[in-house]
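Here it is, the structure in full.
The letters A, B, C, D and E name the chains in turn, as written, and every chain counts its residues from 1.
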Amino acid sequence: MLQPISVSLESLNLITLSPMLVIIGGALLILIIDLLKKDLDTSLYVMLSVLVLFVDFGATLSLGINERGFFDVMLLDGISIVAQLLILIASMLFIPLALTGKKFHEYSYPEYFALFLFMVGGFQFMVATDNLILIFIGLETASLALYTLIAMHNTRGALEGAMKYFTMGAMAAGFFVMGAAAIYAVTGAVELYDIAKVLQTRIAEPGIMIPVVGGALLMMVAIGFKVSLIPFHLWTPDVYEGASAPMAGYMSIVPKVTMMVVAMRVLGLYVDMGVESVRWMIIALAVVTMTLSNMMALVQRDVKRMLAYSSIAHAGFVMAALALDTTKAYSSIFLYYGLFLFTNLGAFAMLWISRNNKGHRYHPRYHHPYEKFSGLIHYSPAGAVIMAIFMLSLTGVPPFSLFWGKLYVISATVDAGYIWLAIVMVLNSAIAAYYYLKLIVYMFLKPPAPGIETIGINKSKPLVVIVGISAAVTTLSIFIMQPLLSYITYMVSVSGY
Amino acid sequence: MENILSVLIFFPLVAALLGFVVRKESIRVYGLTVAAIEFLLTLWLWFAFDPNNAGFQFIEYIPLVSDFGINYYLGVDGISLFLVVMTGLITLIGIIGLGDVKRLKNMILSLLVLETAMVGVFVSLDAIVFYLFWEFSLVPMLYIIGYWGGERRLYAAIKFFLYTFTGSLIMLVGMLYVAYIYQSVAGVWSFSITDWYALVLPISVQKWLFWAFFIGFAIKVPMFPFHTWLPYAHGQAPTIGSVILAAVLLKMGTYGFVRFSLPMFPDASVAYILPVAVLAIIMIIYTAMVAYAQEDMKQVIAYSSISHMGVIILGTFAMNAEGITGSIFLMLSHGIVSGALFLLVGVIYDRRHTKLMSEFGGLAAVMPKYAVIFGIMLMASVGLPLTIGFVGEYLSLAGFFRISPIMTLLGGTSIILGAIYMLSLYKKSFFGPVTKEENKKLTDLNGRELAALVPLVAIVIWLGVYPKPVLVPIDNSVKALVTFMEEKAQTPEAKAIIHVSTSTKEAK
Amino acid sequence: METLIYTALFAPLVGSLFAAMFGMSPKTLLTGVVTSLLLFVSFVASVLLLQHVMAVGPVHATLMDWIVAGDMRIPFGFSVDEVTAVMMVVVTLVSTVVHIYSNGYMEHDKGFNRFFSYLSAFVFSMLVLVMSDNFLGLFIGWEGVGVCSWLLIGFWYHRKDESRDVNPSISPAWAANEAFIMNRIADLGMLIGIFLIYWNVGSLQYDQVFASVGQMSHGLLVAIGIFLFIGAMGKSAQFPLHTWLADAMEGPTPVSALIHAATMVTAGVYLVIRAHPLYSAIPEVGYFIAVVGTFVAIFAASMALVNRDLKRIIAYSTLSQLGYMFAAAGLGAYWVALFHLAAHAFFKALLFLGAGNVMHAMHDELDIFKMGGLKKVMGWTYAYMGIASLALAGIWPLAGFYSKDTILEVAFNEHTYGIWFVLWLTAGLTAFYSFRLVFLTFWSDERYKEYGFHPHEVQKYVLWAMAPLAILAVIFGWWKEEFMAFVTRLLPAYEMNEHTHHMLGVLIVVTLAIAIGGIVVAYLMYHKRLRRNPKIEASLPYRILSNQYYIPVFYDKAFAKPYAELSDIAWKEIDMQVVDATVDGIAKIVEESGDESRKMQNGNLSDYLKWMAAGALILAVLALVAALKS
Amino acid sequence: MIGLSHYLILSAILFSIGLVGVIRRKNLLMLFFATEIMLNAANVAFAAISSYYHDLSGQMFAFFIIAVAASEVAVGLGLLIVLYKKYGTLDLDNYTMLEG
Amino acid sequence: METFAFYLFSILIIGLFAVTVLSRNVLYAMTSLAAGMVLISGLFFLLGADFLGVVQLIVYVGAVMALYAFAMMFFDATSVIKEKNSSATTVFLLGGLSAVLLVVIFAAPSIGGNLQPLYPSPDGASNPQAVGLVLFTKYLVPFEVAAVMLLVAMIAGIILAGKKMEHRITSSEEENSGEKEMK
């Protein structure tokens, strides 16, 4: 018969769960408040969410580094903490965007905020573990919430996008579990550190490479889907277009950072072990992704869609760093996303502000065609300048933030000896410059579009504050580079990457 | 004022930001004042500069990202000093000569921002900071060309931006690689140019790095076959845009060669003299021919810029003090002369709204002052002795003669071909009877235009007759550079080709 | 003495600047007077300098450093030695005369002030050219005179382009550009020569360069000699760079007198004389120079035979005389060349000024076929031109006789009988065309009446101003011995050998004979009336000559037009269609690939899912390839 | 004797069947069936490996996959209901507004 | 016996699932899916994963199928469904190749080496007991997260299927009209 087992509370290291407990508790709190009193204003929930996130942020900051907890399921290494911080910062910037000048369907649900917090919790779980099971559960929790959040925008586009995202996500989930199964079949483990141990002993066995690489391949499909690498990216532009602008911006950062961490853990393991085919798969995906998505972004007529493709390209750009297997490369991923976060969220927030109630005035389908921004400088100089700053940052023009990110990623690539890859990366940046520039050209150099004076109709103080913060960080990033870089490098290196 | 360089960089930027408050009606005076103060500051820099010190002066050093070796590191030597002064001057002259354009305020503020970037490029001693200003200079220029330009301004502006952006990105890869090597040798990251100078690179590495930097600089210069953005940019840009583009922005490329390529890759630079010189000669001859075929006055001058830049490249790759000093002087003189020529074309464009030579003829009779100043600038442009244009061209060619007499002969056709297209321009526009009725009533230069042009004429003649105050500091720094290159060069062939002046040798 | 040097040098510059201040205002007599006075000052200073040099020796002055770079150290240095002093006096004298003359000649011209500004600037440049103590300083003057020549040839810039049949020079502006560009071609050669000197000597100072001639290899010397001579060929309009000189006659006549006869065009000769230590070391190049000079002498003279244009005839004669000078210099008789240079300056300037008077009288008509019998109305001018022509023809005892005859003697002395013969023949031709001009203009029937001209003599002071030239044209030759003694302090003396001494008398007679013969033929043909023979005029040789051997047309067809066409191709076909199109093509390819790859994003979920499955397969293939490779 | 490979191959085949269904189906409801098949295929593999290694992790994984599958059905059907209510069709060929 | 059962189940499952993905009739498809699920639970029992088998039965046959059945009624899709299926070649080529790929990966001979189980089933414990033990110790966190996930799914389902989604609250009229144009 079974022996009763006793587990000491200390060994569980419950503190490792504290951030997630906070956020799930917060979500439940919102649900309870909604149950107790209906018709509370959105602003209440927004601020509650921000507070919860803030507490979560504090809890995350206070975590010890490189701790495991709960039967080693939880893993709080440096990258998990950095990733969680990024997730939380992005979430804190995202949530106030609900306080718009106009009413939107999704914000009328208190559940929206609960779901959002659940989603954040899911993401946090995903990065705070190296157990494939928990990664999968966290992923699905977050994804299911995300699909719903997108659909709650309740336009045809949002529903269609959510449906596409959902379906492809289901398929990707299938690939993920099959990949996990393959790895499990080889190693008998579902925890990455065990997997690494076992693989290390078996790596020399003949034929082992087939299931090993096969597993990685299947996982890569799932990762590629979530990080939106070509050709698994196809949902991305459609969903971004359909979703509300802030949601699109959020999606371009948080799920990707999260999945990037998973990729670092899973694929990094292979690369670290010297499985060259995995490395080449990553590089190939990265190169194809940046190149094709840049080209596709080039021919877009809608700014939001363009930004969708651009975020794919950025993902590909960062993905390249994954193949390098150096501390610097891994650090550069976080640095890049840390900077990308502000810029891209800011850019999407600007689109959100420009969301006008005249609907499809400039184009039967698009909300944000380039023409809409024509001559913006004449009516809203500040808006145009800020948007231009974001675009220049995305282009990689110094001194704006993303330049430093690109610099560091390319530097990592060069250090690792992949000079050709670095050249491909910079050439892609050059292609990308065209479509970012196009928006600047429209805003600054073209005559004003009719009705442009109503472009800021969705403006509200919170939105302006968020945009302001993003713009300030984007512009003054050089001054935070040193602390940011040393912090991230430290966190990544203590995690053993 | 030990931090004068920071002041020089940030004064226009701060002024531009504050300028948003200034009301439209007063913005011209504001711009003039700011540019004048900046120019005076550059002059102050010149006077405070010790011409006998060949090294960097007014050094400022503030760590920015110390983990990654990026520092706010500034300094000037004789090579960059005058480029800074010229930047101040040309900006001031440009603002003086600025006609009535739409949205004057935006124009002036963009110019001030541009000035920050330009000064920054020339005084940065950290590669990343250099790159920062280098890239950032594209933005205001994009706006200036794209907003105030001609009919195809958008095409021109975007082409300008993308082309140079692409080139400099490749250069960035090169920079990162140098930094990486530095890191692997020295153990710490550094993007300081002076640190990089100390780095002896293996020749094979030098060779590809040379080309990586080359692409960045060559597109900016612009060298054949990367030059096609320039005619569009000039053709479409407003007068002030062309002036600054030709006078300062192009010089960034050649400055880059002197600042980076030569001292960092002496062996590669020597090894690639031939291909570079061939490109330069193609530039000189081919673009001179293209210039001759133009119908638009501005395009003639645009292509002539390319042709002259070819001579500068030849001088730079002469690997001796004569040639390099000459090329730097030619940068200055070309800046002033081409700036003036673009201003002059702007004058006629303001009056007639066309730049086609066929629209003119006999202007000398109608606008004598204009014709005189144009003539002086033309002569400076074709390198007449006792004008500023001669000194640099002569020294550049003389320097390169040591490398290859034949190629110098080919490159020297610049003085013939230059005369051909410039004189034919002058003949078509200024000589002959006045055929068009509209041209008979043209007014001569007004006070504002004279105020912009006369100082340039004075400089053209002053530095043509007495270039010594400028030449000596340049020469000192260049001699130091050449000596340094000779010491650093690894192959005996390179050592043989790099020619250290006997005076330097004796001083040792 | 430095003061004198600077006075001589800068007085014209001051005058030029002074005149320039009034450049755009209507005519002010003041400018003419002031510039002329300043020129006179310069002349006086030059004469004083000459005396000083005679008495004491060369003077040297350094104003300041000009170019300092690397080892190159080029000052504004001026040295006045024997050759320079002679040149200075000649230049300033002729200039002063021309200035005064111009006061009258340009009286009604709108650009009066401008003209004097240019003219004085020219003198300044010319003085820099002759006074500089280094090659680059010479080059300053070299280019400076080129520009002034450009300005002055194109002085009447407002005239429109004509076809070559109407006006062989097309237009003043065209001619100016032609002159400038041709000179530039030669200047490049000169520049290369300078570079050669610099990198082999390390200095451009004359004294250092000439001192190190001995250390340089022969080949190098030859190269330097040839390149410098190329420079000289441009400025002195030697074949094949000669076409500009005739076209330069589009400028006002005083300009032709000063620049295109007396001074600037002789700069090339001056250069060869100046660089005599160099050329002495390379006699084969000298011989080449002599041959070129000789060829040009007869070549130009032949064109003058049939020309109808008053000024062009004189221009060709200038060309021809320059050939003589080069022949002399090339053969090593530098002082003879210099002597002829000076003599030629006087009589040729006089000739041109006289021609100017005629033009003035004839309202700028240049066709000598439309003149005739002018001696009745223009006695003084006739006298001047007669003297000048006699001098040119080399009739004893005028200046031309001494100088030209010596050249022939030199040619004989060197045993280069071919050269001698050609030059001798040319002397005859010279006499013929000079007097053809004189007779057709001043004698024969008064054809001008048919064309409705009312010629009149010019102002008195103008005629007086010309007097010094006329006097010198007569008497200058008498100072041959003194001249030789003076300049051979610097230049190598040239000794005739025994054989020549014996033949001297014969040579003189032969030469005089052919000159007189030429005059006689001209007299017979033209003294009564213009005799035209349509048959001859239609004959091939005549047409070749009157069309300048079709060389301008050939240049046009062989160089100018192809260059323009090539330029057009370079721009429209290469730059636009190839270079730029490549760039745009790349952009287009990128964009089209974007459009193509966008098709995968067709909105259909089912296809998206297929792509995902396909992606997995593609990855598998990739993995396989990577595995096989490693 | 049935080895691990048998089960794994079965799993692979089932997964492929699911894949075929996913890429073939145009009706969203039936497409979702196919995704269930894919997840179940993984379950088979996990259960088999778990059993052969005598390791429980695989069974845990399979257990959670079942939970995920259930959740997905809930959300997926919710989405389908909205779509059907609003646009009256479940054929994905009708949902191609977002493209390009 | 085991072999026979395995092959029987396998063939049946493959067949049933093939029907699921190929049938035009949604009812057949669903029925065969449910049957396949049941048979898979049979496989689980065969593998000794009794707990998993039971969960499979309950969740799929009980819950999932019930949900689908409800949904089907809602969609009024009980009859044959017309699909414009895309070209069979592409589909089966992709499917076939994927099958080959997966089979290659999973049938690799190296799988099933002598590995030490990391979380061995405790001796003497029945499968549900063992599972329970692991689930509530090691996998407590994932278990709880799964609970959250189910909560999320529930909320999501309620919201999406709720009445409120039928009307848009977003303050814009034209946006709707714009959409109508697009239909």
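Note that a contact is a pair of C-beta atoms (placed from the backbone, for glycine too) under 8 Å apart; a residue touches a chain by one contact, two chains touch by 3 or more.
None of these values were measured; they are calculated from a predicted model.
Shared contacts of subunit A and subunit D, meaning chains that touch the two of them, come down to C, E. The chain pair A-B and the chain pair C-E differ in C-beta contact count, and the higher one is A-B.
With every chain reduced to the mean of its CA atoms, the largest distance from subunit D is reached by C.
Placing every chain at the mean of its C-alpha atoms, the farthest one from subunit A is found to be C.
Legend note: the chain whose CA centroid lies nearest the centroid of all displayed protein CA atoms is B. Taking each chain's centre as the mean of its C-alpha atoms, subunit B lies 65 Å from subunit D. Averaging Cα coordinates per chain places subunit C and subunit D 95 Å apart. Subunit D and subunit E have Cα centroids lying 4 Å from one another. Averaging Cα coordinates per chain places subunit A and subunit E 28 Å apart.
Subunit E has residues 86, 90-91, 94-95, 98, 101-102, 105-106, 111-112, 115, 117-118, 138-139, 142, 146, 149, 152-153, 156, 159-160, 165, 182 in contact with two or more other chains. Counting partners per residue, subunit A has 133, 137, 140, 144, 147-148, 151, 156, 163-164, 167, 171, 178, 181, 185, 188-189, 191, 214, 217-218, 237-238, 365, 434 as the residues that reach two or more other chains.
Within subunit B, residues 162 each touch two or more of the remaining chains. Of all possible chain pairs, the ones that touch are A-B, A-C, A-D, A-E, B-C, C-D, C-E, D-E. Those residues of subunit D that touch subunit A in the shared complex are 4, 8, 11, 15, 18-19, 22, 28, 31-32, 35, 38-39, 41-42, 45-46, 49, 53, 55, 57-58, 60-61, 64-65, 67-68, 71-72, 75-76, 78-80, 82-83, 86-87, 92, 95, 97-100. Looking at the complex, you find that subunit C touches subunit E at residues 606-607, 610, 613-614, 616-617, 620. Interface residues of subunit B, counted against subunit A in their complex, comprise 63-68, 70, 128, 131-132, 135-136, 138-139, 142-143, 146-147, 153-154, 157-158, 161-162, 165-166, 169-170, 172-173, 176-177, 179-180, 183. On the side of subunit D, the complex with subunit E involves touching residues 1-21, 23-27, 29-30, 32-34, 36-37, 40, 43-45, 47-48, 50-57, 59-60, 62-64, 66-75, 77-82, 84-87, 90-91, 93, 97. On the subunit B side of its complex with subunit C, the touching residues are 159, 162-163, 224-225, 227-229, 231, 286, 289-290, 292-294, 320-322, 325-326, 329, 362, 364-365, 368-369, 372, 379, 382, 384-386, 390-391, 394-395, 397-399, 401-402, 405, 408-409, 412-413, 415-416, 419-420, 423-424, 427, 430-434, 465-468, 471-472, 474-475, 478-479, 501-503.
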